[in-house]
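Here the chain labels run A, B, C and D in written order, and each chain numbers its own residues starting at 1.
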C-alpha cells in the first residue's frame, strides 16, 4: 500500500508552518491518503513519536505561529544507526512519503536517508532567513518582515522623540535579506548586511550635516551576520556622528506572530505541490518558488549552495 | 526642459499609496528630476492643486494607510474642456511626466489625455479588488487581505463561542479575489464569489451533518459582487441549515491600516519602474507584475478588459 | 463535601472570558477545590454538559477571544422544570458553587435558581456594553475599545484621503459607553449616544464652515441605540453638510480579538475575588469594580437597574 | 495677563504623550488659554525652543507613540544659571503655567524652578516603569504592557515549538510592575522582580518534574532591575533544569506603538485635571490617580520616595 504520508518540521520554526500542517491534513485526506504527524523533527522519527492526524488535530492552528507538531535539530539523525531506526519506525506505520518543512541542512539529511532507505520525500523551504538556494521565497519570511516592520515603526516614534540613533539587529545568519527589505520598507537611514562591504567613514560627514540641519534620529538596520558587533555600530554613532545611540536586538520575536495572509497562502500552495509531487512519484525533490511559479528542484540544486541576494534589491541598497 | 514629474492618486485609495508617494519623491530626486504632487486626483489637475514636493512632505507617511496627497473620482476629467485646463496647469509647472496610482478607469482617462495633449504617463495598478487585467498584483491587496484575516480571526473566536454562522462580506466588486484568498487563508467553511456559480442546496445536508457531529460554527465569506444579498445567505443558514446566523459587512476598514511590508516593497518597486520608464521615453504605459516580474504594458492590454481570476486559485475553491 | 466548583459563561461572549476561565482552573486547584466546566451556559447546565477541568484544558487559551467553554442564551432556564434538572445535574457532580460570567439577565436567572435550590454563586460582570449597574468595569470592554480604536484609525486614513464623512456604528445597546470613549480617544468630530439628546441642525453651519476652511473628512461615531438609523446620519452629511458619506457598522469584530493586558488582568482578579467569596461562604453576590476597588454586591444592587453613564465622561461630550 | 500655558515632556518618552499633547491644545483653547509647545523638555526651555500651538499641529498625532514635541534629559536645568535663562524665555512668551509630562526627577527640578521663579506647574506622571509614588497609574504603562503581551504571545509559540526556555527581560528599572503584570497576563512559568528575593534552587525539582511529564517550554519574565544578569537565568535553565534556553531583551519596543484606548483616555483626563488645577490657582502639584480617582498631590508626596508595588499584585506572585 502506498497511501500513508507524514509531515515533519526540522530546524528553526517559522510562522506559516501551522497553516501548512493544517492544509497537509486536509489535502492528504482529499487525495485519499492517510496523514501522519512526526513530532519534533527527526528526533520524533527516531523515537517513533508518530501519530495519525485528523481534522480535529488542526482545528484553530491556522492563526498561530510556530508549529503544533514541534521542530528540532537532530544530531542523532546524522548517524547511520539512528536513520535505520527511523526507517523501522516509518515501516511500522507503512509510511513511505514524507513532507519536510525545513532548511537546506534538513534536506541534505533527508537526501542521505532516501539514498539509504528509499523513503520518498518532498521538501518545503522554511526559514525566515530566506537563504535557501533555488527558491525566491521561504515559508515564514513575510511574517518575519511584518513583525520587524511593526517593531521598527514603534522604535522610530521613540527615536524621533528623543534625538537618538537606534541600531536594530535583525536575524538572517549570513543572509541580509530581512535587513535589506526592512530597510527599504521602513525608510531607515543605514543598512548593513553581510553581502555588501561597507565603510562607515563615508557616512560620517553626511550624517553630521543632517544632524546640523535638524535631523532628530537615525535608524540603522544591521543584519546579524556582518563582521562588526552591533554594539560597535552604536558606539560609532556616539563617537563619530555625535548622537546618543541605543541597540535593540529583535531576537526571537521575529520567528513568531500570527501568520500573515501571504504565509498562510504560501503554506497552502507549498503543501499542495509537495503532496502532488509525491503522488506523481517524485522521489526526492524540493518545491521552489521563483519567477516561473512553483517547481520541483533536486536536492543538489538547493542544498549546500550559498544563495545570492536578489540583485535588484542589492541595487536599491547601493543606489 | 524635461525634468519635472508629478504623481497623483485616482479612484479608491489603498494602503500602499503613501509608501509609493514617499519613494516617488526620493527616487525622482535621485534621478535628477523635480517631483510634484497633484492633490485629489484629476480634480487637483483641473483646479491647479499642484505643488512641488520635498523630503519633508513625506516624512513619516510610510506607516499610514490612504494617501497623503488625496484621491478622488473626477467626472469633469471626462470632459474635453477640463482636460484642456488640466494641460494648461501642467504647463505652468513644466510638468510633462505623470505617475498615476489608480485603477483601469483612471488609466483610460489618462490615455485620452495623452492622445490629446501628449503628456507622458505611467500607471501603477492600485486597487484592493485586484481586478486589473494584465497584472497579477495591484497595490493595496496584501494589506487588505491582512486586515480581512485579522477580522476573520476575531470573528471565528466569537462564532465558536456562541454556536453561530457568520456571513462576512468582503469588497471586490465583480472580482472574488479578496474573498477567495481570505477563504483559503482562514479555513472558512463556505466561499461565494461572482466567478463561480453556486447552489446552496448542495451544502445543506453536509452542513447539517457537521452540526450533528458537533460543529459549533460556520464562517462563510461572501464577495460583494455575488447575485444574492449577503443577508439572504444568513437567512439560508438559519432556515435551511438550522443555526443562528449573523452578517458582518467589513466595509471600509479593508482599505486602511498600516501598509504591510509587501505593499511597502511593491510600492517602492512600482515607483522605480514607473519613473525609469518615463525617463526612458515610454509614452503611455502601465507597470504590471506577473510571472516574468515587472513589465510595461499598453493601456489596451490593461484597461476595459475583464480580468480572469487566477485559475490555480479557482481550482482550490472547486476542489 | 464542599469543594467542587463550576464555571459557566452566559449571554454574549467577550474577550477576556478565556483568561478568566484559565485562572479559574488554576486558582480553584490552588485553593483545594476541584474545578468543573459547564459548557454553553445554562443550556449545558440543563443538558448535563459538565466536565471536570484540568490544566491541560486551559493551555494556550489566554490569547484567544471568545470562550472555550461556550456561551449561550437559554430560554429553558426561565422555566422551573429545567432549573430542577439543572440542580440534579449539579448534584451528580457534587457541585454547589458556581462562578458565572455574564450580564445582569444571567445574574437574575441565577438568583432565582439560588432561591429555589440553594446553589451558591458569584457573578462576574461580562459584557462589552459596560452597562451593568454597580460596577464601573465589565470584562471585555477594554478589548472592545481597542478593536474599535484600531478600526477608527484605519478608517480615518481612508476618510482623509477621499474627502468623505464616515459614520461608524458601535455596539452598546442602550448604553453609549463604547461610542463615547471611542469618540474621546479617536478625536472624532461627532458622537451620538442614547443618553444625550441631539439636534443635528446645530452642527450644520459649523461643519460647513470647517469644510470651507479645508477640512477633508468627518468621523462620526454613533451608538447603535440612538433613535435614528445610522444610515440617516450619513444622509444628513450628504444632504445638509454637503460631503459624500459612508456607513460602517463595526459589528461582531468588536467582541473579538486577542484579549488586552487589562482584560487579562481584570479576568484574573475577578476570578480571584469570586472564588474567595464563595469559599468565605457568600451565598449570592456579584463582584463589582468601582472607586473602592473590588467588592461584593447583591443581585438587587446590580440586576435590572439602568446604569447611568459616568458623569465625568458625559461632561466631556457636552463641553 | 494670565492665559498663556505651555506643555513639555521630560525624561523617557512614553506612548500616550501625543494624545495628551493633542488634548492639551484643544482643552486650553476651550478654556480661553493660549497653548504653547516647549520642544525637547527643559532643553527647549533653556534654548527658547517655544512656539504657540494650533489645532493643525496636533492633527493625526493621536495614533502615534512617542511625543511630537520631543523629550529630553537636561543636565543644564540642574544649574541655577540655566533656570534663570529658562525663566526669561517663558517671560518673553508671557507663559506662567506649565504642564509637564515626566517622572519624579522632572518634577523635582520643576519644584526648584517654581521656588526660584514662581512659575506655576502641574505634573502628569509619565513613565512605563509605573514607579512614581502617590499614583497608581503613570501614562504609557498600558501601551507598554500590551506591547510586551504581544511579544510574549509570539515568543510562546516559538518556545513551545522548539522545547526551549525563553528568558525575557522587561524594562522597569527598580520596579517590577511591568514584569509582574506581564507574568500574570501571559501565564509565564517564572517571574523575577527586584522587590521579591528569590532562590532559583527552589524551582529546579519542580521544573525538572514538569519536563519529565511532557512540558515543552518555559517562559521566564525578568525585570531589568534584579541582581543577576538575565543571561545567568538562561544559563541556570540550561545547566540546572536541563533545557536549551534563549534570552530576549525587549528593549525600546516597549516604549512605542500606537497608544492604547486606555492611555489615550488617561492622557485626556490627566490633561483636563492639570489645566483645571492651574486655572484654579494651584501652584505646584502633580495629578495622581488612585482609588479615589484623580487628585492633586504635592511634589513632596510624589518625588524622591520609593514606590511600593501594589501588595495585591505581589500577593499573586507569592501565592
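Keep in mind that, in the parts below, a contact is a pair of C-beta atoms (placed from the backbone, for glycine too) under 8 Å apart; a residue touches a chain by one contact, two chains touch by 3 or more.
Given the structure is predicted, the values throughout are model-derived calculations rather than measurements.
Residue numbering at the subunit A/subunit B interface overlaps substantially, since over half of the positions present are found in both copies. Taking the CA centroid of subunit B as reference, the farthest chain centroid is that of D.
One simple way to say how far apart two chains are is to compare their mean CA positions; for subunit A and subunit B this gives 29 Å. Note on chain placement: the centre of subunit A and the centre of subunit C lie 40 Å apart, centres being C-alpha means. Look at where the CA atoms of subunit B average out and do the same for subunit C: the two points lie 35 Å apart. Across the assembly, subunit B contributes 153, 156 as residues in contact with two or more other chains. Inter-chain contacts occur between A-B, A-D, B-C, C-D.
Here subunit D touches subunit C in the complex through residues 19, 22, 30, 60, 62-63, 142, 145-146, 148-150, 153, 156, 181-182, 184-187, 258, 260-262, 264-265, 268-269, 272, 291-293, 312, 316, 319, going by the rule given at the top. On the subunit A side of its complex with subunit D, the touching residues are 9, 12-13, 15, 17, 40, 64-68, 70-72, 147, 151, 153-163, 166, 216, 246-249, 251-253, 255-257.
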